[in-house]
Amino acid sequence: MTRPTHLTGVVPPVCTPLTPDAEVDTASLIRLVDFLVAGGVDGLFVLGSSAEAAYLRDEQRRAVVDTVVRHVGGQLPVLAGAIDMTTPRVLDHARGALDSGADALVVTAPFYTRTHPAEIDRHYREVAARTGAPVYAYDLPVAVHTKLGHDLVLTLAADGVLAGLKDSSGDETGLRRVIVGVRGKAAGFSALTGSETMVDSALAMGAHGVVPGLGNVDPHGYVRLYRSAREGDWETARTEQERLLALFGMVRSGDPARMGMSSSALGAFKAALHLRGVIDCPATMLPQIPLDAEEVRRVEKHLATAGLL
Amino acid sequence: MTRPTHLTGVVPPVCTPLTPDAEVDTASLIRLVDFLVAGGVDGLFVLGSSAEAAYLRDEQRRAVVDTVVRHVGGQLPVLAGAIDMTTPRVLDHARGALDSGADALVVTAPFYTRTHPAEIDRHYREVAARTGAPVYAYDLPVAVHTKLGHDLVLTLAADGVLAGLKDSSGDETGLRRVIVGVRGKAAGFSALTGSETMVDSALAMGAHGVVPGLGNVDPHGYVRLYRSAREGDWETARTEQERLLALFGMVRSGDPARMGMSSSALGAFKAALHLRGVIDCPATMLPQIPLDAEEVRRVEKHLATAGLL
Amino acid sequence: MTRPTHLTGVVPPVCTPLTPDAEVDTASLIRLVDFLVAGGVDGLFVLGSSAEAAYLRDEQRRAVVDTVVRHVGGQLPVLAGAIDMTTPRVLDHARGALDSGADALVVTAPFYTRTHPAEIDRHYREVAARTGAPVYAYDLPVAVHTKLGHDLVLTLAADGVLAGLKDSSGDETGLRRVIVGVRGKAAGFSALTGSETMVDSALAMGAHGVVPGLGNVDPHGYVRLYRSAREGDWETARTEQERLLALFGMVRSGDPARMGMSSSALGAFKAALHLRGVIDCPATMLPQIPLDAEEVRRVEKHLATAGLL
Amino acid sequence: MTRPTHLTGVVPPVCTPLTPDAEVDTASLIRLVDFLVAGGVDGLFVLGSSAEAAYLRDEQRRAVVDTVVRHVGGQLPVLAGAIDMTTPRVLDHARGALDSGADALVVTAPFYTRTHPAEIDRHYREVAARTGAPVYAYDLPVAVHTKLGHDLVLTLAADGVLAGLKDSSGDETGLRRVIVGVRGKAAGFSALTGSETMVDSALAMGAHGVVPGLGNVDPHGYVRLYRSAREGDWETARTEQERLLALFGMVRSGDPARMGMSSSALGAFKAALHLRGVIDCPATMLPQIPLDAEEVRRVEKHLATAGLL
């Protein structure tokens, strides 16, 4: 088993390609993984929000981990989301993912229920203790409606409960406090940004890696950005980031009068992967609204502008 | 099968008693059901928020429905929550509950994901169409972080998609718009309030029933309140409601510095049921924080003041 | 001076009619006051949210109080909003209003700044102590972004700091806790609902009065509703409330793609007053967007349906 | 008049020192201005949130601008906040500030009232047109409860309505979109970050300046940080930023059980300025809660750690 020891670099949250009848398209998933690996990524994160984890049935979640773990065969670490409302339900998903060979777990705070820092602390300690696996905290207030406090993350890091943080909160100062706070105090802790648009900044602050949904569409871009930053070539990093910032505009391709942000953003990523020939079908899960032809053309335009067609 | 035709009256969201090792205590669950039925309730809603549905593992959810349906044997309708993030996952829970004999489903809007009225509309239509069961919309913005618009509910009611609404939104005007709006337009639609504290008002507005978490602790009180209201004795209804308003203060027994509102409120309900001798063990699921002795004494005081000890 | 001793009944938040060049139209204001008094109202609340207090310049605020106080000449109590961000600024407005002869002040919690219950407590105590006037707390979280806790209100009531509460929070349970909590503990405290749509319920719970923005348009309706409730004729009260609920739909006359809720609701009230011949000009203050002809027709339709044209 | 042409550099939002009886302490204010100028700052922003503008009475606001403008005598640009709920009230403050000689205005979106992008657009166009002064948009959702969309800002910039943006929203991606969007399209537009903790990142993205509240306490630190960034010495900039990030921890000196964030943060800045000998009295305006001795010691400790005592 490839246990991630200090995970760094580009770790895209892998989309889940579907068949037209809403089943996992494993052939397309394998092609997507190959595309990402060929792009130079350093790890794979399956069953995250970009993977439509919130929409996948349990056996579909299982199929995704099985397929990806078997295909990469230890080449690079595979992190799996164990996304559910509370500890007991998260533990069930965690066991499934670990049985399928995932190297680490990505876990949010409890949601749906009204929670408290003391309960979030207990949640992570239980998940870590009962699975024995590396656990990455997933800070996604837009979904979870709780922000992980940096104090809590730093305590859990220092106590060895958390292996890392995927910060998709948009609170760059909070991420910075974690980055500065773990120095010399939590060896091997990986602070990863989930931002698509602040990667150069995050890396300049000392973030160890990046988990960008848009990395599905343009892994090469994020790998170039990461490498430029690591070499201290901040000018190139910034230019690459600005190109990706423009490309990220594709997430607003869907008409907000017709659909929510999940339909629009995930629909755009899948349309882009379809247009780039990586996956067979751009379908998203129910009850998301599919992009129409005009909206897909907007995605196409973004790809063209970014030089990806 | 006892299909609820125009569900009315007191339909408590049944708590899920647990053993000390966090498994469903079916003996206590049966005693609780008997206690509620003896109290005069008109239906049972299992696997709601008060049931800790967010914390129960899939087989525990199944055990709850199995136990209750088998025990009541068609005496009164059993509604089951099918609480999960999106349509495909909700459908899996729905099938489980219906296989176990539930008479109807209670379903929230999608959560965790960023959604849209058009997607919520699609969600309910798919659940209703694919299960063929009566579907009650569960409006609980404190958990779901979306408010169900009354326009959407009225459209779904008129189209026969929804059998009713459990409104726990705290937006009494919205509930009123639904109550007024379905008159003569959606025969059999049940507008139920999930409030513990505005039941007389809701019934005066024309609500058909009430689904109070506190009804676990004092079903007799809510049944008296409901019957007074039905007889037009608003003064008695108000007096009863004010007694229950004071009793409902128990949900703040837990110290907010130590725990969240779920731990405090569900912990108090279970402590009260334990103190009243209905269930064997007041435990709640992980990662909730248990009430300490001092906090349990606060619950006890509330019971004493309300004449329930 | 007419000090309000236990204010009860219908106390509309008086709109501020404007000239086409955005000055206070005192002639129309006097006609509006006469219209309300003829409708049977029990008091007048000037410089509230419905008065566009947030938009009026200091001398305009002063002109409104001067005009109304002089015109009503002690016939019925005049409450004046002293709406600003913090204590020192509120005190300046309060002194102006009291100098002009207002009988009482209506004051929100601090806003714009990030506040705390201890600061809100201090705020009300300072305003009451430094002005010596009756102070009504104005609970309007949609504007102030803080909810006044019922515990805080009850403490301030018991300590004689607050003369009453205008509750526009939409939290009927909180209002109920105040109503029940002041009984026998704060003689003369007036619990007023700011709701347009839950007046029968609030009165049934024991609220002392009602401050409905829609009362500008249909004072007679709210007076009938209030009187029916006081006579215990809840059926008539409910029917009247349902008529007013439908009429209140006028606040959504403005196209939400073009304007915010303030433009739409205040624009509708003023259009209605103009259509009913009470005020000369339906203009609202900058930067609100005026209703267009189509939107005014929607207001007209609501008036027609309610039998007010 | 010193019109700011492409404002750049460090522009601290100047605190307003008070006497023990809550009047503006002009002698201390002048000393603070001298301290900042000696620290190398490039401009001064008076009557912002750090200035307690929300708490200052109109004549106090006027005294602040008078004092500062007269004292700096055109040496460096003075921007003045015109903070109020809506256009007409903002215009009154704007005229006062411009009469006192302010070089530019800083204006938020409307608050308290429920607003809309079309109204915000109108608001800024009216303020700019009616004053003829350079207008900086102040994006402070924590106070205003509306986020300025980057599209709106870019339109207003391109149309010459806005001279710049002070972005205190915490949304670094939004700031980035403005920075990239104005390039070549709005010459002279200044994108300023209001962050204390992301200054190096903002400058690396292309921000033109920084408006940090903490710059009152340590202007030299922010000037060093700015100059390092301008010289492309990102390593020094980061080290300085990390020192300032730790120093910024002083804003949490106040006990959150006793006071809100305004009391704590502004109290800490003033305590620090008092401890550093710059101002005579650390008092803050009503209804803020003063720091107690223990809390002031926390501020002192932060100063000591940062080498500022």
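So that you can tell them apart, the chains are marked A, B, C and D in the order they are listed, and the count of residues begins at 1 in each.
Throughout what follows, a contact is a pair of C-beta atoms (placed from the backbone, for glycine too) under 8 Å apart; a residue touches a chain by one contact, two chains touch by 3 or more.
Note that the coordinates shown come from a computational prediction; the quantities given were computed from them, not determined experimentally.
Under the touch definition stated at the top, chain A and chain B share no contacting partner at all.
Once the centre of each chain is set as its mean CA position, chain C and chain D turn out to be 35 Å apart. Between chain B and chain D, the centres computed from C-alpha atoms are 49 Å apart. For chain C, residues touching at least two other chains: there are none. Here, these are the chain pairs in contact: A-B, A-D, B-C, C-D. Contact residues on chain A toward chain D in their complex (touch as defined above): 170-173, 176-177, 180, 195, 197-198, 200-201, 204-205, 234, 238, 242, 245-246. The touching residues of chain D, counted against chain C in their complex, run 22, 49, 54-58, 60, 83, 85-89, 92, 110-116, 118-120, 122-123, 126, 142-145, 256, 258-263, 285-289.
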